[in-house]
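Input: structures, listed below.
Both of the next two complexes hold chain A, though its partner changes from chain B to chain C.
What follows is the complex of A and B.
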């Protein structure tokens, strides 16, 4: 009796301690962003001054507005998510269902790439993007994206896609593997074409996988820092994203305004938290191995 | 529709899944493909369905060669062991999926789906999802989906294996009845010989991709052509004993250390014509052995194990180094260790050549 009660109590204890620390951190962030100065968690005066970046550019007119930067981040994240999901689900299907030479090699290669430290590739990728920038039409001056070369949103998205794909392909292959061959055969016999089978029968049944991968990719892109930093011409440029914008506030020449940093950080965080609250069930699927109990 | 398989082969790499198969399924007939797992029966079925392409050989529906036809062009319905229902669709959508793909009018679609569902007794479940149905109900939905397009051929891939014993018995009867009522040609894959015996008009027994024998259930049971068929069909299985086949004093005898049996003359002649070797394998079914009083018995054996089956008791006897199992009317009076006399029904004996495994009683 005592034993059975002890176990959950212990589990709660183990969870409560780190959770409290994290919650305190967020609380500090929230209070700081609305205060002139704070002492511990106590505000020494409330203000909206830290949030003025929402309606004016704090560094002068040559810097892009927060709304353009947010749009940039959104575009980059959506582009990356879209490509990752489309390519992963097609590749995953092929790897799960078809026999072709090099299939095993391809699978182990993706796994190796997944484990590869991306930092080591930054310099070669820089040259690749410079080269892409010289290609007419897709290199530069594409509306919204800027293009797929160096210092464009598309280019950054492309690099992130490359780093995300191995993970995505493995996840999607796992979901396809869970779908019985009989279901496909049955649909073929019922009169569906190969494409209709994929679209009407297979895809609806891996919706949880697609949802999970989309969310995961979107969050990765939204929070990315290193790759946007490396492959755009700096935080003030046309193609700046939120994580870089935040860096404007932390410079060597002027004293850092930590209250404003907190406000911008919170601004970047809010969509993610909201998103996570509504989608965490789908997100858990990615490690749960897909569907349970038939649907 | 008549199905003809001619010299059909299917290789997966080096593995011969189906080896030179010839088979004819007559119009309106239910044929069972029977064999242990991995014997090529499902591969054969999937070739008939058009999912697998034959490596060589021909498949004909009536006179038309269908090798190159896609599954959807073959007008077949198929029921899978896993039911293969589409989990994201309601029962109604599952059943009407084949009709939707054929672009049948909505009104007609509804009518036909309702008819198929009513026939299977699932008329009230049309708006449920597969996950909300029991195994038996899912099986019925799968059947309704196979029937709704009024196929010329029905294919079954171990459809009852996932059901519990009682339900299996019931569905067995229903499927047979349905197939006979509709008069549709059917091929039924199973590893359960009772299922094959009870449902099929003819059984094709397969092993290692090779067709062992093809015939009516009683034919296979009473006159098995090969050792494999003799051992595979029938439960409890046939007893096999190694004996010597001898001809002397104008009679034919089977002899081993512990027994000597004279077999009917015409059978002995047949075996001799078939070049039965000196060493043969004798087979006898448990129900063809009776326990008798001393004078008429063929040999003595000791009761080793008694397994009550309800109506009968399965008794294992030991004699010498050999074991033999007999069915005795329940309740069996004997005790373990008791010595009793056994009599074999001589006209029900089988002889097999141990080299070729072919029956020495096979009519030429």
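What follows is the complex of A and C.
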């Protein structure tokens, strides 16, 4: 009896201790963002001043509004997430279900690509972006994205996609591997095409996988720093994203306003939390073997 | 029916012609301006162009020029390394700014790469630029041509803490006389170190805090090398120069400062978390800073204590002392300059804008807000410049100023010299070893592009 109670108590204890540390961190962030100064977790004066970036640029009228920067970040993250999920699903399906020459080599290659630190590829990627910029229609002046060349949101998203794809392909292949062949075989016997099988039979069964990949991709793009820094001009330029904008508050040579940093950091966190709330059910259901109640 | 069609056709031509004429009347040219600026103190670097564009458009209209200018400002406080990389990458992509504000020492490398244009010919049509103090043009010259228009200047004074000197027993008169003694070469670098050591010995400041330089590599160190008689550029060939004798004295000074005079506990510190709080928080007796930092300290670190009023009470400044009695004190100016991209389609308009911001009003706005020195002749007499006590009192330093050389290899040279300095301060190199390290390194990395004397 005692033993059966001790086990969950220990489990809770193990969970509560690290969780408390994280929660305290978030609490500090929240209190700091609404405080003039702070001592531990005690505010020495409440203020909305740190949140003024929501209605005015804290760096003067020439800096872009936070809302434009947020829109940039959202567009870049969604484009990247969409491309990564679609391409990874198609590739993962092919690698899981079809036999073709070079399949194993391709898998190994994607893993090797994933092992490359992004910083080593920055210059070659820059030249690729220069080349893409010269392609008519997609290179320049695409509405919202700016295009897919240097100093465009599309260009940054494209680079992020390239870095994220190996991870996505392996994840999705894993999910496809765990789906029973029976449903697929039945559909094929009934005359469904490969694409129809993929779209109507298999994809609904790997929703948790899609959710997981979506959130990982979205988070990677949302918090990306090095790639937007390298392939866009300026922390406050036309293609600035939130992670770059946040850096305007942190300077090597001027005293950092940490309260404002906390507020912008919290603002940057909100969409991620919302995204997580909408996808958490799917995320918590990550398992292999088809959907609940399925085969 | 036929007649109606003909009428419509004529109507279309008339409308199209009218639109074309209108379009010709108002050909809008977008010029981008990229500035590095610490907000809010240095915002006028870019913001002045907004006002300049209005003025320029009025000029263009009056002159019957069909062009109109629209300015896009891209301004932030990005690190210098990223800032320069960004220009190089965006130039390759054809996305570079038309007007690029940068440190004058980048002119050599950008000119060699063909990314910027010489301005001598274009400048003939803008006589207003003649108002720039003559010596500042030296900073933007490369291979006999002018490649940029100076935007601001500064002095890098030796600051001293009056309150700490009083604690050492200095009278108010003695403190007030210090800048003059330095100017006449009666108070040398080693005199300064002796006072610093006394402050450490008496517990007025902590060990290491007698005298500080900036915490990382930067132009200030070159001023000390000049003070010991060093030279960085050969006027005849334009090649970089390293003077072994001056270098030895330079390293000996910093070696002594760190090892024997309780100073130089500053290398490697973070600017915002340790260096600025250290000097503005009265923990350091002497330090080398910039005039532009005066505004930062007042605004960001000492506002609660009274800002500038408190600073005038507590801090003083003077030239960097001479190395020997009777020698020449100095300072170092590192002007930022407006450069024009070689891919800019309307360099005349870009220079017209630069000409507009290089005037007493716009330049003084920036000078006052950021505590940079003015760059124009007679600016000290300008009504709105005179209101700044700091700028008026520091402007005499421009007469003693020195510059960094405009040479494409300056980055490698400067890094090597600083690496040796950091090792000397840390006690890893003796002054002789430091000189040997620099000479070997320069020969290896720059070969014929450097002259060792």
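A few remarks follow.
Keep in mind that, in the parts below, the second predicted complex is superposed on the first by the 255 of 295 C-alpha atoms of A that agree within 3 Å, B and C clash if a C-alpha of one lies under 4 Å from a C-alpha of the other, contacts with A are read in each partner's own complex, and residues count from 1 in each chain.
Here is the rule we go by: contacts are C-beta pairs under 8 Å (C-beta built on N, C-alpha and C of every residue); 3 or more make two chains touch, one makes a residue touch a chain.
Keep in mind that what you see is a predicted model, and the values were worked out from it rather than measured.
Contacts of A:191 after superposition: chain B is touched, whereas chain C is not reached.
In the superposed model, A:130 lies in contact with chain C only, and not with chain B. Touch criterion not met for A:275: it reaches neither chain B nor chain C. Of the two partner chains, chain B is the only one that A:201 touches; chain C does not reach it. Look at A:150: by the touch rule set out above, it reaches chain C but stays clear of chain B. In the superposition on chain A, the residues of chain A contacted by chain B and by chain C do not overlap at all. Of all residues in chain A, those touching chain B in their complex are 180, 182-183, 185-193, 196, 201, 204-205, 207, 291, 293-295. Listed in rising order, the residues of chain A touching chain C in the complex are 58-60, 62-63, 126, 129-130, 133, 149-151, 229-231, 233-238, 247-248, 251-256. Of all residues in chain C, those touching chain A in their complex are 34, 38-40, 43, 46-47, 50, 73-79, 82, 85-86, 89-90, 92-97, 270-272, 276, 296, 300-301. Across the complex, chain B meets chain A through its residues 46, 49-51, 70-72, 74, 76-78, 80-82, 84-88, 97-98, 101-102, 129-131, 145, 149, 157.
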